[in-house]
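In this document, chain identifiers A, B and C correspond to the written order of the chains, with residue numbering beginning at 1 in each.
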Amino acid sequence: MKQFEKFLRSRFAAALLAVLVGFIVSAIVLAIAGYNPIQAFAALFKGAFGRPKYVANTIIKATPILLTGVSVAFAFKTGLFNIGAEGQYIVGTVLATIVGVKLNLPMPVQIPVVLLSGIVGGAALGSFVGWLKAKFGIHEVITSIMCNWIAFYLCNYVVMSDTFHKPNSSSALAVNPSSYTMILGTWKKSAAGKEFLAGVPWLREVLLKTDLNAGFIIAIIVAILASIVLTRTKLGYELRAVGFNRDAARFSGISVERNIVLSMLISGGICGLAGALSITGTSPHTITLLAAMESYGFNGMSVAFIAACSPLGCIPSSILFSALIYGGMSVQQVMGAPSDIINIMIGTIVFVTALPGIAPLLADMVAKKRRAEENVRVSKDGTPLPEKEA
Amino acid sequence: MEVSPQYAVQMHGITKRFGAFTALDEVDLDVRKQTVHAILGENGAGKTTLMNILYGLYQADEGGIFMNGQQVNIANPNDAIQLGIGMVHQHFMLIENFTVTENIILGDEVCGAAGVLDMRKAREEVMALVNEYGFDVDPDARIEDITVGMQQRVEILKALYRGAEVLILDEPTAVLTPQEIDKLIEIMHDLISKGKTIIIITHKLREIMQSADECSIIRRGVYMGTVDVKQSSETELASKMVGRNVNLTVEKTPAHPEDVMLSIRGLTVKDERGIEQVRNLDLDVHAGEIVGIAGIDGNGQQELVDAICSLVKATSGTICIAGQEIQNTNPRNVLNHSVAVIPSDRHRWGLVLPMMVEENTVLERHGEDLFGKGIMLDYDKLHDFTSKLIERYDIRPAGCEEERMSGLSGGNQQKAIIARQVSYVPDLLIAFQPTRGLDVGAIEAVHKTLIGERDRGAAILLISFELDEVMDVSDTIAVIYHGQIVGTFAQGTVDENQLGLLMAGGEAQ
Amino acid sequence: MAMGSITRRSLLGMMGVSALSLAACGGGSSEGSSDAASAGAAAAAGESVKIEMITDTGGVNDQSFNQLAWAGLQKLQEDEGWEVSYLESKQDSDYMTNLDKAVDDECTLVWGIGFAMSEAINTVADQNPDVQFASIEGTNENDAENLTGVGFKSEEPSFVVGYIAACMSEKGKVGFIGGMESETIQAFENGYYAGVEYANKKKGKSVTYQGQYAESFTDAAKGKSIAQKMIKDGCDVMFHAAGGAGVGMLEACNDAKVYSIGVDQDQAALFPDYDTIITSALKRVDNAVITVSKGLIDGSMTGGQNMTLGAAEDAVGLAETHDKLPDDVYQEALALFDDIKSGDIVVPATKADLEEYIKSL
C-alpha cells in the first residue's frame, strides 16, 4: 500500500493516470451520447497507428507541436508564460517561406538558411515580447497575445502581396524544392526510387503517401538540447533562477532583464523553427491565407502542460496529442459519430490530463485510508501501537 | 499524562513522517486551560509541524488529540475552527488592500437577508471585539497602511472573531519591534485573564521567560519534557533545547582594525515614492572590525543596503570599496569587488526556493570555472562543494544537497545563505538581520562565524533590529535614525538606554 | 467562430472560381476513360457505394459550403442508401492526410470541399488513379481522369438579385461592393448589373448602378465605410461579393435601414440581427454534390472535367428567407431562373458579354 502510494506520487504516474482518467471520462461521454467507447478508442488507435503511414503521419503532425510544446515548457521553466507560441510559429512559417521562395541555393546551404530564417523570425517576435517585459514590465501574456495577431495579419499580408501571392489561389508561392526536408525527397520520386519501393510496400506507403521528413528528429534534438540547457548549463541555471525568484537573482548579480529577453528569444526561436520545419517538411510548402489561428502554439501549450513542462516529457506528450487529433478524425469516419463528440472526447482527455495533481489526490486517498485503519488501532487503548511489520 | 478536562489541549503520542523522514516521534503536549504554553525547539525541531497537526493542516500518522478531556478528530482547519482553535501564522494571511474589518470577517461574513453583506453590522461586531480586548486597531484602515504589529493584532482578532478559545501563535515576535513585543506580551496576558488559552511557538528564550507559564521542549522531533517556566532559567531552557550547554554571551577578542574597506560619504537614497530614506549618510567600516548599525526597522537600513548593492540608485554621495567608487553600477560589479551580503529577507533576496540546495549554495558564483568549464554547469562539483558547506555549517537535514531549498526549515535556509556568503571569502561582509528567525544554537553559530570572518581580516557591517545583537557582536556601534547615523560608539562605551533613546530620535546624553 | 469561417469560405470561393470560369469558357473536357467509368460500373454491378467528404478547416458545421455539402451527402444516403461519411480538417496540412485516409477507406468517390484543398486533391488524385475524386471549387489542373472540378455560375443568381434590387429600389440607385477585382468577382458584378438593366427594360424603370471594390475580402470596416458612402450617394439596395468585407456592408445597410442582399449563403438567416437583408444569391452546394455524385456513380458523367454548374442544375438559387420581399417580386425572380434554365436569358459573365447584353436589350 505504501509503495503504491509512493508510486502514485511520482511524476510519471501522474501523467499516466491522468491520461487513463481522461479516457475513462471521455468513454462515459461517448457512452452517454450513444456510441460504443471501446469501438471509438479502437478506431482512434487504428487511425493513429493502424498502418505504417498513419504512424508516419502521427509523427509528422507531432513535429510542430513538439517544438511549440518545448518552447512553452522552456519559457515556463524560466517563469514566463509564452502564450505567443502561435504567433512565433506563424512568423517562422512566413520568414521561411519568404527566404525559401527568394533564395535557391544548393540544398545543403538552402535548408539551414531557410530554417535559420524561421528561427530568427520567431526569436525576434519572442525577444520583442521579452524586451517589453524587461524594459517596461508589461506582462508577456498581454503582449504575446497581441503579437499573435500581428503575426497572423503579417502572414495574410505576405500571402496576398504581389511578390509572393500564387495567382488564383489562397496561398503564397511554394518554397524552392531545394528547401525540402522530406526524407529521400527526390529519390523516392525518381525512377530508381519508385522501382525499389515497389518491392517494399510498407516503405513505399510511408515514403510516397506521406511527407515523412527530418523534422521530428530535429525536434527531438531540440527537446534534448532544451533540457540540457535548462538543467546542465550556467545559462539555464540563470534563466531558472530569474524565473523562480527575480529579486534573489538580481541580488546575486544576475541580469534579470537580459535573461528575460534571452528566455523569450530562445522560446520564440524554437517556435520559429517549428514553423520553418512545417514549410520545408510538409506540403504545400508555403503559407496560406489564415482565417483563424491554426492552433499550433495553443496545442503546444497543451503538450507542455501534459508533460508538466519537461522538455523531454514533451516528446511522448506530443505524440499522444497528435495521435488524439489525427486518430480522432478516424473515429468520425468509422463510427459516424458527429465530430463534436470526437472533439469533446479529445478535449476531455486533454483537460483531465492537464489537470495537475490527480495522482497525488489518489495518493492522499490511499494515505487517508491507511491512516484511518491505523487510527482505529490507536484509539482503542489510547496509546499508539507499534507499526505493522512490513 | 492522563486525559483530563483541566487541559484545554492534549496531544498524545503524535508521530508524523514525511517520506523516510520522521518529523515528530511520539510527541506529547498537555496545555492547561488559561495558561500561556510555549513550545520551544530549534529550527526544524518540529514545533510548527506539531501545531499544523493541531490546526488540521497536517494529519498525524499516529496519536490522538484531546480537547477538554474529549478525543477530537481534526481533519482540516475548519474542524479546528469549529473546536475553537485559532492560529496566527508566522507569515500573515491577510489581504493587503482590504480593510481590517473586511479581513477579519473574510470567510465568515455577516450576511443580511438574501445573502447581502452587512458591512455595518460586521464593523460593529469588530469594534466590539476591539474594545473588549483593548486592541489599538482602526477597523477601517487598509492592511497595507498599518504596521506589522497591528497586522498581527488583526490576525489575532480574526481568530477571536471565529470564537477561538485556544490561540496558536507561530513565532509571533519574529517580525516585531521591541516595543511591539512588549505590547504583544501584554495582550497575551490580557487574553489569558479573559479565559483564553495560548500556545506560542518560539525559540526566543527571553520572551518565554516573560510571557509563558509552562514550556514544552522538542528536540529534533522528540519530546524532551515540560518545565515550569518560573522554576527554570534561560540557560536551562537553552541547553534542553539544543542538547548541550550554550554560551549565551558572545565571546571575542578585541578587534584589530586596519585600512578602511567600506567608505560612504554623503549618501542620499530615495525610495520608489521619491521620499528620502537615507539622508546624507557617512559611514566607515575598516578591515578587521565589526560595525553594527542599531536602529528601528524603517529608518533607512533597507535602502542603505540596497544602495551598497547597487540595487537602487543613490541620489547623491559616494560608496567606496577599498578606495574604488561602486555606487550606481550593478550588483554584479559590487560582488566583483569582493562584497558578500546576507540579505534580511532570505525568501525574497537570498534564495531561489524551488531550486535545489546545491544550486542555491552557488548562486552568484555559478559562473566561475570552479563549477564547470565554459557554458556547462558541473553538478558533481556543485554537490561536492555543497556537501562541504553542509557539514561545516551543520545545515540540516544532512544529505540535503538535492532537496529543494523550500524543504529546509527557516533556520537552515539562513545557515545555507551564510555558508554561501562566507564561502566567497569576502573583503566586506554585510550581514542584514543575519539571525532573524534563528534559535539560540544557530544564533551562536552565526555570531561565531561573523567574528571568525572579522579575525580573518574582513570588514563586517552588521545591521540588526535586535539591539542586544548589535551590542554583543559589534566592535563599533552606529545608530541609524531617519536615514542618518546619529551616533557612533566603541563597544562598551554606551548602554542600552542611551542607544534606545538615539534609535527613537532622542538626543544622546 | 461562425464569422471567421464564413469570411473564409466566401473569400476562398470567390478567388477560386476564376480559374473555373476560364475552364468553363473553354468547355468541359469530354474525354472519357476506363478509370472514370469504373465508378459507374461499380454502381451498376450493385456493389455498395461509399462516399466520403473532406471538409476544409471551417469544419462540418461551418454554416457554409461544408455543411451544405454534408447535407447533400446525407440526402444521398437517405435516397440512394449509399454509405456516406466525412473527415474534418483542422489545419491546412490535414488535407493530404485526410484525403489519403478516405482513399484507405475504399471509397467509391471522395469529395474535397473548398478551393483551399485544390492542390492537395490534385496530388492525391494523381497518386490514386483508381479512386474518383470531386472538388467543390477546386480545379482539375493536370487533366487527371479521376478528378472532377465543380464550380458555380455565380453570375446567374447575381442576375436575379440584380433584378430584385432594381425592383426594390425607391430612390433609383443600387450598389455593389466587390472584394478584390478578379474575373470571379466580375462575374457577380456583371450578372448583377445585367439584372438591373433587365429590370429597367422590363419595368420601364431607370435604376442606376454603382459598384466599387473593397480591395479586401476580410476588412469589414472598409466594406462598411464604402457602403456608407454609397448609401449617402443615394443607393438604397446593396449587394456584395466581398466575403468579410461584405459583412461590413450588411452592417452599414442595417444601420441606415436600407435593403441589402447577401451572397453564397442565406445571410438573412446567418445574421438574424440585420433585418434589412431581403434575399441572398445562393450557391447550392448540396444540389451540386448530389448531381455530380449521382452522375459520376451512375456513369452519366465522366471524371476528369471541370464543370461550372448553374440554374440548369439547380446549383444556384435564391435564399429561403424572403419574408421582406413582396410576393410578386419573389415570384418574378423565381421565374427568371426558369428563363435562365430554358436559355431564354443568357447571363453575361464577362465585361464584354455584359456590354453585348445591354445592347441587345
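Keep in mind that, in the parts below, contacts are C-beta pairs under 8 Å (C-beta built on N, C-alpha and C of every residue); 3 or more make two chains touch, one makes a residue touch a chain.
Small disclaimer: the values here were computed from a predicted structure and weren't measured.
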Shared touch partners for chain A + chain C come out as none
Farthest CA centroid from chain C: chain B
Taking mean C-alpha coords per chain and comparing to the overall C-alpha mean, nearest is chain A
Whole-Å distance, C-alpha centre of chain A to that of chain C, is 38
When centres are defined as mean Cα positions, the distance from chain A to chain B in whole Å is 44
Expressed in whole Å, how far the mean CA point of chain B lies from that of chain C is 75
Within their complex, chain A touches chain C through residues 47, 51, 53, 57, 61, 156, 168-171, 208-211, 278, 282-284, 288-289, 291-292, 294-296, 325-326, 329-330, 332-333, 336, 338-340
Residue positions on chain B within touch of chain A in the complex are 3, 12-13, 15, 26, 59, 61-64, 71, 309, 311, 330-336, 341, 343, 348-355, 359, 363-364, 366-367, 371-372, 375-377, 379
In the complex, chain A touches chain B at residues 232-238, 240-241, 244-245, 247-255, 368, 371, 374, 378-379, 382-384
Note: in the complex, chain C contacts chain A through residues 1, 4-5, 7-8, 11-12, 15-16, 18-19, 52, 57-61, 85-88, 90-94, 96-98, 100-102, 104-105, 115-116, 118-120, 123, 127, 218
